[in-house]
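Some structures are shown below for you to check.
One chain, chain A, appears in both complexes that follow, with chain B as partner in the first and chain C in the second.
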Partner chain A sequence: MDLALTETQVMLQNSAKEFLSAELPKHRVREIDDSETGFDRELWRKMCDLGWASIVIPEQYGGLGSGFTDMAVIFEQLGYNAYGGPLLDSAVLSAQLIAEAGSEAQKKAFLPAIAEGQQIFTVALTEPEYGWGADRVKMKATRQGDHWVLNGTKLFIPWAHIADRIIVIARTSEGRTPEDGITAFVVDRTSPGVSTRLHYGWIGDKLNEVNFSNVRVPAENVLGAVGHAWAPVEHARDRATAVLSVYMAGGAQKAYEMCRDYSTTRIAFGVPIGTFQRVQDFVIVALTEADASKWTAYEALWRLDSGQKDTAVGISMAKAVASDGFSKACDASHHVHAGIGVDLDFGLTNYTVRARTFQQYLGDSIFHKARMAKLMNL
Partner chain B sequence: MDFEEHYTPEQEAFRAAVRGWMEARLPGNIYVPPDEKPLDQETQARLREFRRSLGAQGWLAPAWPTEAGGAGLSPALTVIIQEEIRRLHLPSLGDNPRWIPSIMTWGTDEQKRRYIPPAVRGELITWLCFTEADSGTDMAAIQTQAVREGDDYLINGAKAFITGQFDPDYLWTLAVTDPRRPQRLNLGVFMIDARSPGITIRTQRLLRGSERFVFFDNVRVSSDCLVGTPYLGWEIAMGSVAGEHGEPPPRVDERGTVASIIQYLKEEREGKNPNRS
Partner chain C sequence: MDFVHHYTEEQQRFRQEVAAWLDLHLPEPVRRLGELAELDRATWVACKAFQRLLGEKGWLSPTDPVEWGGAGLTPDHALVIREELSHRGVGWLLQEKASLVRDALLRQGTEEQKQRYLPIMARGQATLWHLLIEPGVQVDPEGLGVRVSRDGDDYILDGEDRFVGQGLWPDYLWTLALADPEALPEHATATFLVPAGLEGLRISTSQELVSEEVHRVVFEHVRVPPVNLLGEEVEGWSFMQSMLTNLSGVEYPLEDNKDLSDLLEWARTTTRDGVPIGQEPFLQQLLMEAQVKSHVVRLFRIRNAWMVANGQPLTYELAQTALLEKQAALHLSLAVREVMGLYALLAPRDPRAPANGRLQRHQRLSLTQQNPSPGPEAQADAIASVLRLHEPSLQAPFMIPTPWTDATGAPRVVIAGASQGDDDAI
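After this line comes the complex of A and B, so read on.
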């Protein structure tokens, strides 16, 4: 067993740490989250100039063709810094779906632009009857001559309001199982009939309600074969899930460090509050959840990169642990911080809102544990 | 044991009358920002008007004798008034019960006359100003100073996590009156006019809602707004805190939350999707 990072991974990690601490000083995350779009295009440009959007895109389509652990090392730092942005949805989830399902022409048309960061993609899967399984994809797409027509609503779609293109997962036919008859459509966000509306709440990254009203999609923008998109969607979802789990582990680590440090500097009744056992308990909980999230995530990534069997089980386990663990670490950190922890200017809440959003995104722990049971034939 | 609430027909009739009275007078279309920022002036004016009408009925001090500005009601009817007010989900209306008992106990006759009748009539909004950024649980560690100068005190300090959505009239403020004395024996409570020069109020945004910062910069107050002796502040503040924690729980609200979750789940099962946009 060897838990060390490769030399390349160490370099990526160090450069990410340096870049992010320079670009995201204390109040910057709050400023970006509070802005109208929540998207800092200048920062995005700089990240793409570093090549971050190209890491897991195949070389022949303008990417670096590296493993997912390399991508994860960067995402751990992004999570640690509570960065929000479309990197996961565009450069992992969308790109992987295109690489799996797309025709040669589609891969050539879309992947290099995603790798450069010139185009931002996102995937619209979840609907008002919320869930991440194929049974929750009910939005219909109907064929009309040489094009398809989309009608319906997707909810909680990240970054749809600033994406160039939205890959819409819709149902083109009813099959024996819910997985049959699902198709992926590449839709221009500016197409007539597409409208987005930002959700508000304890949301870190920006999520949208996206409405489709008689949206015409030319047949050549169907990604791959009609009715057979689910398997590629699931593969892409798994890869994004593995990377997201490490992002969440990075955030949990920061939540832990904040409460560890606060417990040594905050004085009450004449002593640092870390002197009190009840406070120590919460610091330990935060550390334990951060650690559990990190190592289940990196093990899942090792399975993915080295082609182990049971990779899907490992990925679902990592997300189940991170879904609950990131929130628990933030809750524990809040207990230690008391009042100041909920002050938006203090900084802990940047992690809390992300813990809540990502608890659900790509499947919560209930979904993933059920999936593990199914995969293990329990 | 009996967990059911038993109200007599007379009490229920009283409740119905009170509810009708309130619904007729409550200003409609009140916008309370979900982030709990300070209310706009028009909303404040309308809600203050409503509060004064509650005060005129004696319902801001329902158990008190009518001569004192109350309504002379029994404990059961007092609870009914409190429940009916709470049911309206109005923003916090000035916390009278948290300081009036202290002035009754420790205040001079002149202070009682100056503060209590207007409060009971619903004319005053008073904020509790105890907490500071560096002293929450450890309230005795506050740093706000009140320094005696002739017949005045000079107040300097910064309060945080202060609750209030209306422009305050008074600030029920805890301050250190003598830093040389031991903790808990060095505090005074002052009923400070919120419009005194040197007071700045800013909003403190929180994960849910917001609170206020209150900054005191050389605020000069007459020593006749000190309540009780200069070193009685801890005991008085503890009384306020006990009053706050001893308030009747919002039973009606609690039932509402659980009921609405059950309703939501039933509708989900029946395939109805409420609030879908």
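After this line comes the complex of A and C, so read on.
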């Protein structure tokens, strides 16, 4: 048993802390969030120069070939600073899908560019009948000669508006099970027939509606075998889910620290409000949700990195805990902060909006508990 | 990182030795007691006899030095023994709660007291009940029920209090006693290991939801010789604090929650209209929430054990774990009722009781676990205390923001364009 981070992980963590505290004061997070694209290319370049996009990409394709826990210590700090950009979707979710399902030529073509941050990828899986299971993939792709033709709509796709390529998960045949007949296509975002529209609302990530109208995709842009993409999609989704869970734990930790600090600095009736037991209870809820999110996430990452059995159960548990925990920690923090908590300049809402968004992304707690039950033969 | 406790080959061989010995020596009535939790005089006598056998091996206090009756083994060997006994449903025989007193004796007892008490405790010759206190929770001196006065060389104890300990009767009672209710407890509290056979001592096990857990003991002018005083007369409070901060019980947790695994198995194998109950979506979510909560408690325990093993100071962690454990127990209790319906309430003697009635016992236990002493709010108080929530911070006080300054008093940053979702604000 050893719960300590390795020397390399501590180094990565310190470097991320230093970088993010210098580059991302809370007003800067809002500035980026409120900008037209929500994307700061200069910041992205700096993050990629630090090697963050290359960590879990295999060495032979320009990455560092490190473990997911290494990646996670950075994401914990990103969560703590309420920022992320397209790093998860490009350097983890897309890269893992390409690494597992792609041909040698595709890996050589795409992975080094992702590792360098020169190209940004995203995955388009969810649709109007929103969900993260294979049964939610309805969009059709049909074969026409040496091309596939895509028609349909994908919803809530992160960073599609600035991505260079979109990995589209579509149905190419009906099989015996929902998992059969699903294929992954690498689509250039600027291809004729592809259009993106940013969703508008109180959303903590930049999500898009992506429409495909007779989009022709060359057959060589199919990732892996036609009709057999679901297993690699699920594996890549699991890895991204584990990393996202740590991001959410980092956010929950900050929400806790904010309410802890506020409860000792806000004076009411002549005493710090932390004197009041009802306030204390909320601080304790935030602390426990943050700790639960952190340890379930790191346990899942350890399972992933060391090839333990029941890794998928551990990952789903981590996301179930983080999905509920990040939101609950923010709720508790809002209770403690009262009116000032909803002041957008104060900074707490930077976390709350991400808690609400990532609660759903890659599957909510209900989805992951149902998956746990299935994996545990219930 | 590594969340699993690894055993050496030698420790795995030791596990085989322990398992083989237990298979040979564990009497059937004692083994069944772990399942049924029904205790009669004959079974209790059999338990005490088996405890003495364990004690002869040094396995009741495996890490204690041999001269005090222990086996001089490592904490990993102790964990092997605990796991093997627990797998057979008799982990409770280790008297782990009494280990608080044993460890405090090791640290603060006189040489004479160590020689007198440690060997008999380690060899299973003394069943110990102790005053109801919980690690990580502050004790209110106002709540102490036993008073002490001096009569010549002897001490006279009067009053009553609640004690915990296994079995139908103890050999010794560990208690705190106040000498002067007006004085500060750290100046006027003594602690005793009182032989249970002394005149004036009356034990009654009250009718509670879970029997044989908590006992009411009345002291009527009980004359206690000086040899039973632990430490000095005024050291009772520090002796107790030493027990409360004892970290030797913070160990790598056992693998499974038997009540939860029983429930999951029942949900897998019990059908309605041919469909396993565990596949009903609402019940499935409840079951998995119970699984999640149980696992988080386990992870917190692993964290605590790792921190202790690595010399990191624990602050809020023990109280946090205990608080969550209580909440998890209540959630599991709800899940048991929702999933099993009235089957959940059937006792072992009912032939239709699932899992030999263990889950009916859980219904009771989950409630009694809420209040072993002051209740879950005591854990919350302890966390708030170590987080110093009630103390004014050294940081600058929070300032009410204005349209021009934020909560630190700094000028607000004016951002051009829309802010988060404000166009949609109602």
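Here, the second predicted complex is superposed on the first by the 377 of 378 C-alpha atoms of A that agree within 3 Å, B and C clash if a C-alpha of one lies under 4 Å from a C-alpha of the other, contacts with A are read in each partner's own complex, and residues count from 1 in each chain.
Assume a residue touches a chain if its C-beta (ideal position, glycine included) is under 8 Å from a C-beta of that chain, and two chains touch if they have at least 3 such contacts.
This one's a predicted model, so the numbers in the text were calculated from it and none came from an experiment.
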First, second, both or neither for A:Asp146, with chain B first and chain C second: neither
Which of chain B and chain C A:His27 touches, first, second, both or neither: second
Contacts of A:Trp202 with chain B and chain C, given as first, second, both or neither: both
Touched partner set for A:Pro128, first chain B, second chain C, both or neither: first
Which partner, chain B or chain C, touches more chain A residues: C
Partner chain in contact with A:Asp345 - chain B first, chain C second, else both or neither: both
Partner chain in contact with A:Glu104 - chain B first, chain C second, else both or neither: neither
First (chain B), second (chain C), both or neither touched by A:Ala268: first
Contact residues of chain A, present in both the chain B and the chain C interface: 202, 267, 340, 343-345, 349, 353
Chain A partner contacts - residues on chain C that touch it in the complex: 1-6, 252, 264, 267-268, 276, 278-279, 281, 284-285, 287-289, 291-292, 295-296, 299-300, 302-303, 305-306, 309-310, 316, 320, 323-324, 377, 380-381, 383-384, 387-393, 395-398, 400-401, 406-407, 412-413, 415, 417-422, 424
In the complex, chain A residues that touch chain C: 1-5, 27, 30-31, 33-35, 69, 200-202, 260-267, 271-272, 274-275, 277, 279-281, 283-284, 287-288, 291-292, 295-296, 298-299, 301-302, 306, 317, 320-321, 340, 343-346, 349, 353, 366, 369-370, 372-373, 376-378
Residue numbers on chain A that touch chain B, as the complex places them: 128-129, 153, 197, 202, 209, 267-269, 338-340, 342-345, 349, 352-353
Chain A-touching residues of chain B, taken from the complex the two chains share: 131, 133-138, 141, 160-161, 204-208, 273, 276-277
